[in-house]
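Everything below concerns the one structure shown next.
The first chain written gets the first letter, and so on, giving A, B, C, D, E and F; residue counts start at 1 in each chain.
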Amino acid sequence: MEKLIDLAYIVASILFIFGIKMLGRADTARRGNLLSAVGMLIAVVATLFYKEIIDFKWIAAGLAIGAVIGGVWAQRVQMTGMPELVALFNGFGGLASVLVGWAEHEFGHRTDVVTLISIYAAILIGGVTFTGSFIAYLKLAGKMSGRPTLFAGQKAINGLIFAALLILGVYYCIQPVAWVLYAIIVLSLLLGVLGVLPIGGGDMPVVIAFLNSFSGLAGAAAGFVILNKVLIVAGCLVGTSGIILTIIMCKAMNRTFGNVLFGGFGAAGGAAGKAVEGEMKGISVEDAYYVLEAAQNVIFVPGYGMAVAQAQHAVKELGSLLEKNGAEVRYAIHPVAGRMPGHMNVLLAEADVPYEQLCEMDAVNPTISQVDVAIVIGANDVVNPAAADDPSSPIYGMPIINVHEARTVFALKRGKGAGFSGLENALFFRENCRMIYGDAKDTITQLAAQFKSGH
Amino acid sequence: MEKLIDLAYIVASILFIFGIKMLGRADTARRGNLLSAVGMLIAVVATLFYKEIIDFKWIAAGLAIGAVIGGVWAQRVQMTGMPELVALFNGFGGLASVLVGWAEHEFGHRTDVVTLISIYAAILIGGVTFTGSFIAYLKLAGKMSGRPTLFAGQKAINGLIFAALLILGVYYCIQPVAWVLYAIIVLSLLLGVLGVLPIGGGDMPVVIAFLNSFSGLAGAAAGFVILNKVLIVAGCLVGTSGIILTIIMCKAMNRTFGNVLFGGFGAAGGAAGKAVEGEMKGISVEDAYYVLEAAQNVIFVPGYGMAVAQAQHAVKELGSLLEKNGAEVRYAIHPVAGRMPGHMNVLLAEADVPYEQLCEMDAVNPTISQVDVAIVIGANDVVNPAAADDPSSPIYGMPIINVHEARTVFALKRGKGAGFSGLENALFFRENCRMIYGDAKDTITQLAAQFKSGH
Amino acid sequence: MKIFVPKETDPIETRAALDPVSAKKLIGLGAEVVIESGAGERADHHDADYTAVGASITTDRAGTLAAADAVLRVRKPEPAEIARQKSGALHVSFLDPFNESGLIKAFADQGVTAISLEMIPRTTLAQKMDAISSQANLAGYVAVILAASRMKTILPMMMTPAGTISPAKFFIVGIGVAGLQAIATAKRLGARVTAFDVRPEALEQAESLGAKALRIDLGQTGGTEQGYAKELTPEQLEKQRLEQGKVCAQSDVVITTAKVFGRKPPILIKSDVVAGMRPGSLIVDLAAEGGGNVEGIVPGEEVVTPNGVRLIGLANYEGHVATHATQVLAANFANMIEHFWDKEAKAVRINLADDIQKGCVITHGGAVVHERFKTA
Amino acid sequence: MKIFVPKETDPIETRAALDPVSAKKLIGLGAEVVIESGAGERADHHDADYTAVGASITTDRAGTLAAADAVLRVRKPEPAEIARQKSGALHVSFLDPFNESGLIKAFADQGVTAISLEMIPRTTLAQKMDAISSQANLAGYVAVILAASRMKTILPMMMTPAGTISPAKFFIVGIGVAGLQAIATAKRLGARVTAFDVRPEALEQAESLGAKALRIDLGQTGGTEQGYAKELTPEQLEKQRLEQGKVCAQSDVVITTAKVFGRKPPILIKSDVVAGMRPGSLIVDLAAEGGGNVEGIVPGEEVVTPNGVRLIGLANYEGHVATHATQVLAANFANMIEHFWDKEAKAVRINLADDIQKGCVITHGGAVVHERFKTA
Amino acid sequence: METLVLLLFVFVLAGFLGFELIQKVPSQLHTPLMSGSNAISGITVVGALIACGIGDNSFGQWLGFGAIILATINVVGGYLVTDRMLGMFKKKDK
Amino acid sequence: METLVLLLFVFVLAGFLGFELIQKVPSQLHTPLMSGSNAISGITVVGALIACGIGDNSFGQWLGFGAIILATINVVGGYLVTDRMLGMFKKKDK
């Protein structure tokens, strides 16, 4: 029997591995989900055969109630309500880990350090996951303001709680007494609340992904508590793959993970003395890919640099890839871009860009705030906001393509070289602009490669 | 102590994981090799602290002798002799597994089924690896003819040995007596010899990769014998990653794995009734990539299909990627390709293919036997060997581009459609021709994507 | 074998039947090549260029005609010159055989073996001697260059500080060899190109060059087995004209290329369509020499209609690029002679069982041997 | 403000100063636009087209000249017509101010504010009114189209059943705006293009269009701050001529574009180089009107040299595409007027402190106000 | 102890595997993947089942019972909602 | 038994990891990768060391001794030869 159970666990683990892998590809995702569900079924059924398990009444009742509630919710929810439901479910998983840890504390037979550490980890991580997810749920469901909730000393308080949790953890491992456990439970629940409150509603999906990875680790910790392999494998798989997913999601929002988690704090702390002079922020081709991959509306703004790099064919290819990915793609041509009238036209026609996708400056500018990403390819003067902002600029008064009003701007240049007019360009210092240094053709080719290897 | 040893094993395993991953990329390969060597050192040193290990004399002597021999060989060998040396080393590893299994059989304390199975596996796999690698070594070193060595009934004999080994294995697990073990040792050594003899010298690298993966599994089996984790992890990593590598190497030779292992047999068995009418053999884009990736000399032969698919930009891109990968790339233009004089020129010029890379038929044909891969893109009549072979063909007498004389031909077409002349094309049935079905632009784009994601 | 290339007599003809490169090739085969002095002058090939490769120059046209075993020329001969040739000699040129029954009779009577370049089968094997294709190809290019040089506008799109210049709209009617090259050339220069043909496969071919194909459902159509177009029914022509009219009205340049094998070219653009076109727009008719695809065309001249549309109906488009036209035409001649060359006899071997010769040899051994012209 | 566009008097001029679109724009600003009857005729703009957008047509040239607040024209005026304008009126056109001190004096004497299109600064901000650029751009295109239409060969490479036609070789000397467009156009047509300029950044620009740049080490060179080229030393010119000669000898077409700001164009191709070129090859000199970059050029004519090289030195290349040339030139005029428009006064505001006006206003308030011409 | 070490091995290997499995995920799959792996993290249900067994008094039962309900909601709801999400993607042409 | 099951877990996970680790290998790395992982498969040296310990008579010692020598050759030679191979690739410009 034991052996069969173990075998079943191995099978379940394998199904989880395949499940996660397949969930990451569009054509196999649904089947992957099914596989992992089958794995779960096998794991649950196998567990029921454990000799320790005797009282089937409770189990049956618990499973039934949980299944009905989960099933009904999942069926009822609107398309738009799904993310918050996932948050809620995730919170429940965290709470379950807390309860398992607690039960083991109360009634477990083993008191070695590893077990205690595991109980501690299960409760801490589970608790944070529970309340954190719940706050995320409230924010997403609109039952709580999506704006970061900030108050003075927040950072310090969180730090204090965290330190207390650490100390209590050590203490617990030495002296596993009940009040310490209760304190840990309460404090982790609090940490979850306080940790998520300062994060804005738009970042909630990332938070949920992160908490999900967290709850996987809580599961793995619970696995160490009861010495169960499948829990460890599944929990750890979810833990690490979740981290990767979290990072990917951050990249798609052109944010770093730290920025998401602590951005709210930063806003609170440093709002007063915000520097006027920004800095030019680079972005790696890979991160740029994640942003582009999620973009619905993209414009290319070619300039003389595209011609120098002879990047037109690569640009056209990237454009086609973006279109295939579902984005609307246009090419915004500034009348003076390049070094001769119609310079960009010659090149783009050579690369077979359809005339329909070429847009004049005046056609693009009114719609530019809907543009997710503006890719500036070796252009400089024609996107220099000084032309609109700075009466002392020699190009003041010239209409430009207002890429700085797009959500995100990628500026492709080799270095810090100025354009024909020799002017510094404030665009590159803007908050929403990221530089991708290097020859434009190389950069674009690499971006396209990212797209292709994504399939 | 025990715990430290286990920790060391975990560290070693992690280093192996990183080592293998890094060995697969050109920029990190050397560091990867170093990392895995460090892992090995850690594993070995940790093992020395085992309490069962008492007699350090022997150990020190063994390690010293082995290290000197291995070190000297590795330093002395010529560049050209490296692959065979690897084969030899690999064989030694296999023999070591045999010896470990044998020692365990003789002096081990455990006699449960799992242990017995493991001993059996370690000896069987190790034995095959040893002699197989040795034969491979002889063939590569030129100490034995590289040609497949075939004799009548070879297949049957191998089958018999294999069956005998199976039966002996079952028997051994029930009755672990010595003669059975000796029989197993002898027979597996024999199987290694007979299995590799019929394989040609050119295929030896694949065989070594395969045997290497095998010896990894032997190590894992030995790990089960002595219940050692790091052996299991490292052995299994090598076992499965080796399988993948073997498959990749087969693909680069445009062969299937079965074809490599049993090709010799097939040639011996079915040589008499070889069908004159071949069949059109497809190849997946991925497999085609592996072949192209290893090619040094590539020609594109565009035809009307390239024009229909408007694949010229994609073709140019693939050409550039191939060049970057170190291949010489030319475009062979047949005078009547397309539907108007100069059709291909218009398209390729549009895609900015340099005039220098365009070759006339008469310039290409004399050099075509040096071409590793000829990529026929939607051309048909202009590469139809009937023009040279078949006096009854309406195009008999027309010079064609003799792609069928290239080492490998990839023919890109949507289906079985004929060309302008409506003729069937025997090229597509040739042994060295592989069809890649689908719109030429899609196919080429996918091929290019494979290249890009390879970096 | 003594091969003679007389100077072309038609003043609009700028090409020659052989250029020095092909002459050299024939001499290499073992032929003797004689060129009438000045024959290549208008294609920038001077007498000295020919002698440099081993050909001889003559000024005695009549005498050499009589002595030659083969005469190569571009245009059909005067009947009087046929009579000068010796019996059993070869004559290769464009002949317009459907309209020149008199010439055919003259050849037969004289015992000259006459090969008509037009009649070379449009098969893959014969492509290297297919002069119709090699010349139509250049004609298609020239049509676009001519149009571009006569327009008061430019072809490509340009977004400039002084506003956007929109790309010129071209409409190519008839997508044979010439039509395809016209599409390619106009596309290269940045024009928007629409194309139309009655053969559906030709529409695909146009698209293979990046043009937009105008698809009109005409019901049953098709070509002869040799790839030439069949004539349409009046209803079909009507529907086609209607749809085409719409496109023409929006086009800056219309190029028509429909020659129909052995017949007068069909009228594709009637006067009402021309009248609907914009002032300043241009029509180039490649079929003008045979009568034209456009109503109101005057072969060899440029006509401006009352509404300011310019109709261009030259006779010899490929002659504009005489050097290259001569190069490929001469290659066609040389390929043909090489293909049928008898090494021992050092002469062209006539073999009416051969598929290509069956198609293009009109008279042989004093009789009309071609199926299509036997009754004539 | 009453703006008058007289008909151009020079017979080689086909452009007009305003097209209907730009006329409409000016009327929209609040100006009154009067066009001399027939002014746009050669650019395919008829009187009715102008009246349709609200302009009025006049046949009384002299009267309207006297009444107008601003006169726009393409070419410089007759001195007699300056005298007709009222004091304080505006006159905008190409003026050739370096060579026309008489005209400048006439403007100053008459109290007319004269703006020279040539003198508009080549800055990014002023590009929309930069008529030199907008016209040179079209001239570059025309140069290639002209060459293509006069060559006996085709430009693109073609590998055909009748042999391979090699691509034409173009050599563009002087890579300003016109040179760049010539490069682009020749490349589009499939030619192999080599280009040369003394400014190194121009070589990079040529490469940005796919041309091969001829790099000759000339030592110290440079341009004025406005982007025009400086004159070279005799030694530099000699070395340059030598290297260029080699490229010319291999080229089918040479296009020269070097106008040097305010001077006679430099001679880039001397007779010996021309003599080294192949018969049938072509030279198109875009600087011909100012004297030419090529020795032996005759402005406005086509010359065939003894060795069969054809020298083309037209005067008004952009005039060949009169419709588009008028479109962009008119846009330049309209942009300039809009840029300096005073909404209240409904007139152009002259402000000599403005960078652009400082560059291009030659006379104002009865005096020569431009730095460069004050002594004149 | 030996068991714990091996479990640690399992943990480490599973961790690496988790890193390797997810490489590049198209943005429209971010939410389903998150949701799907959230359902897997409901594997705590197995822990809950066992915990429910070890409790030898009613409080223990209640803890285990609560854990089972919560974890089951996570599992069942998680899988179903993921499946619904994925079902909504129209089969795009590849 | 429990240990064996866990070892099986380890085996399975390591197997999957092996599959995932190798994705696409440029052809010039095929041989070094093979050689490098061959060196890793020399991990049998650990088995040999332990086997050498269990042998309680001289034959067992000899077996273990032989195994150690062979496995060490594999390990030391393997790593060195791989390193030499990789050292031969000139640093190609990327």
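Keep in mind that, in the parts below, a contact is a pair of C-beta atoms (placed from the backbone, for glycine too) under 8 Å apart; a residue touches a chain by one contact, two chains touch by 3 or more.
Computed from a prediction, not measured in an experiment: that's the story for all the values here.
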Common touching chains of chain E and chain A: B, F
A-D compared against A-C, more contacting pairs: A-D
Chain whose mean Cα position lies farthest from chain B: D
Farthest-lying chain, centroid of Cα atoms versus that of chain A: C
Separation of mean Cα positions, chain C and chain B [Å, integer]: 56
Chain B-chain F separation of Cα centroids, rounded to whole Å: 19
Length of the line joining the C-alpha centres of chain B and chain D, rounded to whole Å: 66
Approximate Å spacing (C-alpha centroids) for the pair chain C, chain F: 74
Interface hub residues of chain C, defined as touching at least two other chains: 127-128, 133-134, 137, 156, 158, 160-163, 165, 188, 190, 210, 328
Multi-partner residues of chain E (at least 2 other chains): 3, 6-7, 9-10, 13-14, 16-17, 21
Shared interface positions of chain B, touching two or more other chains: 13, 17, 229, 233, 310, 335-336, 341-342, 346, 350, 352, 453
Touch-based graph of the chains, sorted into line, ring, star, complete or other: other
Complete list of chain pairs which touch one another: A-B, A-C, A-D, A-E, A-F, B-C, B-D, B-E, B-F, C-D, E-F
In the complex, chain A residues that touch chain C: 333-336, 341-342, 344-346, 349, 352, 355, 358, 360
Touch list for chain A against partner chain D, complex: 304, 307-308, 310, 335-336, 338-343, 346-347, 350, 381, 394-398, 420-421
Residue ranges of chain E touching chain F (in the complex, touch as defined): 2-3, 6-7, 9-10, 13-14, 16-17, 20-21
Complex interface listing, chain A residues touching chain E: 13, 16-17, 19-21, 23-27, 29-30, 32-34, 36-37, 39-40, 43-44, 47-48, 50, 52-55, 58-59, 61-63, 65-67, 69-71, 73-75, 77, 79, 82-83, 85-86, 89-90, 92-93, 95-97, 99-100, 102-104, 106-109, 114, 205, 208-209, 212, 215-216, 218-220, 222-245, 248-249, 252, 290, 293-294, 325, 450, 453-454
Chain B - residues contacting chain E, complex: 2-3, 6, 9-10, 13-14, 17, 229, 233
